[in-house]
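To keep things simple, chains are lettered A, B, C and D as they appear, and every chain counts its residues starting from 1.
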Amino acid sequence: MDCVDLTTVLAGITLRNPVVTCSGTYGFGEEYADYCPLEALGGITLKGITPLPRLGNSVPRLAETPAGLLNSVGLENPGLEDFLVSYLPKVRKMPTAVIANISGFSLEDYVQMARALQVDSGLAALEVNISCPNVKHGGMHFGTDPHSAEEVIAAVKAVTNLPTIAKLSPNVTDIVEMARAAQRGGADALSLINTLLGMRIDIEQQRPLLANTFGGLSGPAIRPVAVRMVWQVAEAVDLPIIGMGGITTWQDAVEFLLAGATAISIGTGNFVNPQAPLEIIQGIKGYCEKHGLTSVRNLVGLAHKG
Amino acid sequence: MDCVDLTTVLAGITLRNPVVTCSGTYGFGEEYADYCPLEALGGITLKGITPLPRLGNSVPRLAETPAGLLNSVGLENPGLEDFLVSYLPKVRKMPTAVIANISGFSLEDYVQMARALQVDSGLAALEVNISCPNVKHGGMHFGTDPHSAEEVIAAVKAVTNLPTIAKLSPNVTDIVEMARAAQRGGADALSLINTLLGMRIDIEQQRPLLANTFGGLSGPAIRPVAVRMVWQVAEAVDLPIIGMGGITTWQDAVEFLLAGATAISIGTGNFVNPQAPLEIIQGIKGYCEKHGLTSVRNLVGLAHKG
Amino acid sequence: MLTEGLVVVHECLGAADQRLRRLVLKGPIAKTAKAGQFVAVLVQDSSIPSYDPLLRRPISLAEISPDRDEITLLYRIQGRGTEILARARCGEQLSLMGPLGQGFSLPEVGELWLVAGGIGVFPLYALAQSALDQGLNVRLFWGGENQSFLISAGLPAWQALEIPLNLSTLDGTLGERGLVTEQLQGRLSELFGHTKQENTSSPQIRVATCGPKKMMQAVTELCVNYAVPVQVSLEERMGCAVGACLGCVCTLIDKAGTLSHKKVCQDGPVFRGEEVVWDGLC
Amino acid sequence: MLTEGLVVVHECLGAADQRLRRLVLKGPIAKTAKAGQFVAVLVQDSSIPSYDPLLRRPISLAEISPDRDEITLLYRIQGRGTEILARARCGEQLSLMGPLGQGFSLPEVGELWLVAGGIGVFPLYALAQSALDQGLNVRLFWGGENQSFLISAGLPAWQALEIPLNLSTLDGTLGERGLVTEQLQGRLSELFGHTKQENTSSPQIRVATCGPKKMMQAVTELCVNYAVPVQVSLEERMGCAVGACLGCVCTLIDKAGTLSHKKVCQDGPVFRGEEVVWDGLC
């Protein structure tokens, strides 16, 4: 029988398949509707929100690099209140698992949002972004200091009944230490990785190309770093991982699953091919069939055993 | 007058021009002789050496990634003694500034090599690699802990009269902190950056593609990270920087100079185009002419002033 | 909509040194598109996917022919993306997202003045065609570097529309020497005199403009002075092109003075000129 | 030497489903190259530089024609690099580094047996030509998947050399069914009997082999058993291709049992089979 079970379980949520989309690249779930039916996806992650509305950074916010993309959106978002009023009602109706993504500048910021987002909101989980490199104060601190990371995750866990996913920054010396901190804080799962801090200079203008000087590097260029971090964390920490960073093809997705990710998430890849998630789901299925696996869950971490 | 002065001064050494080649990618200086005359280069950096000979890691040691290259050579080298006997005599005759690169597994390792390498050896400078990510023990420690970094640089400085360049790892939370530590240790200059730790998985074999699992990521993919680190360190630390990471064209080189590098170094780019250093020297010259600069030194850090 | 466009024409537009290209694509987009909208083209060397460049390129629709299922894109080769695009051959399929964005809105009656700077003229051609189809009076103000540029960038096609043309070149080799805004200003003051006014009895004029930011800003200021409604077509670097990444925002200010961000790709690229905050920082 | 090669022939070799290509390049390399050496080809889509793939591809010289300044490369499309290479058109220039490596050494007199597995036959063709030019007796042992493969991969050209051919296929559609090593073993034992020996009075035979690692290892073991000198042409992933990066090492063991690393690109790709440590770990 060549029927493959694509469902996967992550932090207590059952996903239709292991393919999710990344925060900040998929808007609030409606923007790509013409390209990729939500009901086909394992889940989507919403744009990161903060307690208060933010206009974000000036343009230019985007710059291409070899096989990569720098962005300095700077967490532009409508703020918690408007999110609850204008967006959350739609989320309830979405035919897939919806993960909210929250960012903050203080412990209280995170707590305020986590308190407002509960199982009855229709969300499947809460992704706690402690890693956005675009915000001058706050973000980086939680993402690079294990003690703060533990504290913020614990504080979120204390006030929400939603499964909590800690999203970690790759801009650290020791990703395993950060993962362990999130685990101690009570995280139910980990998202790996956010963007690498980078920049480009416009050599004709002789100044940084991004208005904000620095930006987060995403896309295929960072994939080897992302796979390595997923691998290291999978070896050391017993939490499910959502792997991301440069996935554009099903082969990339399989690489993350073999490295130990339970699900994978597509960000920049959507910009290149808005049907990438669909093609990746098919590709993973085909790969399982070819290798005689009856469930995609059997793929997870397989490369560690060799 | 459109004549441009390409000479640059770095840690007390005058370089014919700011274009150097990276350690580990240019052998011991002779391998590329048919492709790129040494006398055209600002300098070359030799393959990293250790006190004892090393066979390095198993093959495969190389894997391509999008716009990048993973390597896990693992510091294969003939060891200090053979280096002194078989290679150093040739170095004396080389018509360019030659920088030796040393790696170690203990403070004593570094001291032993630094003691053996002095101004009278014909070398122009010593690059202390505290960042090689391929060695299971040792390397990473010096490269990621500021206190150890300071210690090892100070120990090297104490026993050699050669200008000392600290080569830093990008796999850290805070590159500025590491640069400051090297400065406290007495470094005369900094090399930024070594490779990012990454990996690839062979999805057919279902195991890591490199025999050593992890490798160092180099090439254009990492350039945005390298430029960012050069920029950050140039803002914070008053030491000349050799910028490297993904340089393949003169435009890339100019980007690093504008970010604050006094010289630049070409690694993986040589593999793509063994005449890249020559083309880059010409390109930098042309850029200076076009922008009315009489000396390449005027380019350094220019993008910070905008 | 994600769709393929079959390359049916891909040729040099005008003098080779202008590096302009005309690309006609057959596909379903023409059926639903309107002037001012754009497509996001995957620029890749044929069938082997590459990440270099990574992102699609937004290109405006310069002509829309629903009867023939064809859209025309006009572009200048200016960087890696367009250089690779320029290699697409007839018979190849290009991956397109589109039609994207909101496009221009046409007045019911009256006169439409198009004000173009350089290759900003391209999307205005589709607009001119729709406006003429609808029976509006159309006039083009167009400034460019020199005669060679204007002729290369489509002047003959504009002449074929038989509408009044006010041309300017920087070097005076064609039309008047100077900026397109000077001609616009001249014409506005001819009609309305030299002072600001809200004279609703004068002809119903609307302006649509596309070109360099500084020029569109100047056009907007002139129009605001004369109380002439103006639509501007903005450009910004794009990631997703569908409103999902917030890469391409512009800043608007409403009558109450409140600043907000809009997405050029989804809410634009066409905006009401009076609402645009031109210095972009907020 | 960094040089350009003008594509004068680029064609399908044999059946399309074998994905084999024949590429003839005109340039100075032919003047100095010898059999067993290789070139490092930049695989890029024409003039616009790309990092995808980043590295050059090493390809052996399958024919060297100094009189016409031509080298022939034969290759199989197996991945991104060769897929892009396959798009080079006649009249284009490819950037080449070469000739690289040390190549085979030919005996003065006697018989040269070539043992090829699959497309490992390609570099052996240039060797056969040199050996025949030098008046040596040449024999080919060649194993492949099936008849279609052998015919596609150049059997007619080998037949034209009028040398003895011992062919095997896995499915028995051409030559003997089985492995090429079985034929080699048969022939060796015919000549030397079934036991190990150092019989220097039997014909002076030398073996040169290229193919999958496991096959070359087996060939080497057979040769060592019969005290026949064997040269093997190794493959390893390459970075610089000139000995500067240490990416491509292989492990050798000398008579004293000392292990050392050699660079396949610079010290090889041809090595004495007896010296190769086949499991590669040290």
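The criterion applied here is as follows: contacts are C-beta pairs under 8 Å (C-beta built on N, C-alpha and C of every residue); 3 or more make two chains touch, one makes a residue touch a chain.
Computed from a predicted model, the values in this text were never measured in an experiment.
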If a chain touches subunit A and subunit B alike, it appears here: C, D
Any chain in contact with subunit A as well as subunit C: B, D
Chain located farthest away, centre of subunit C as origin (C-alpha): D
Rounded Å distance between subunit C and subunit D, as computed from the means of their C-alpha atoms: 58
Intercentroid distance (Cα basis), subunit C paired with subunit B, Å: 47
Distance between the centres, which are taken as Cα means, of subunit D and subunit B, whole angstrom: 36
Shared-contact residues (touching 2 or more other chains) in subunit D: 51-52
Shared-contact residues (touching 2 or more other chains) in subunit B: 66-68, 219-221
Topology of the chain contact graph, where touching chains are joined (line, ring, star, complete, other): complete
Footprint of subunit C on subunit D - complex, ascending: 45-46, 48, 50-52, 80, 83-84, 87
Sites on subunit C touched by subunit A in the complex: 1-2, 42, 49, 51-56, 95, 97, 236-251, 259-261, 266, 280-282
Subunit B-facing residues of subunit C, complex: 51-52
For the subunit A and subunit D complex, residues of the former touching the latter: 66-67
Residues of subunit A defined as touching subunit C within the complex: 24-27, 31-32, 34-35, 47, 55-56, 58-64, 66-69, 71, 73, 76, 211, 219-221, 248-249, 268, 270-275
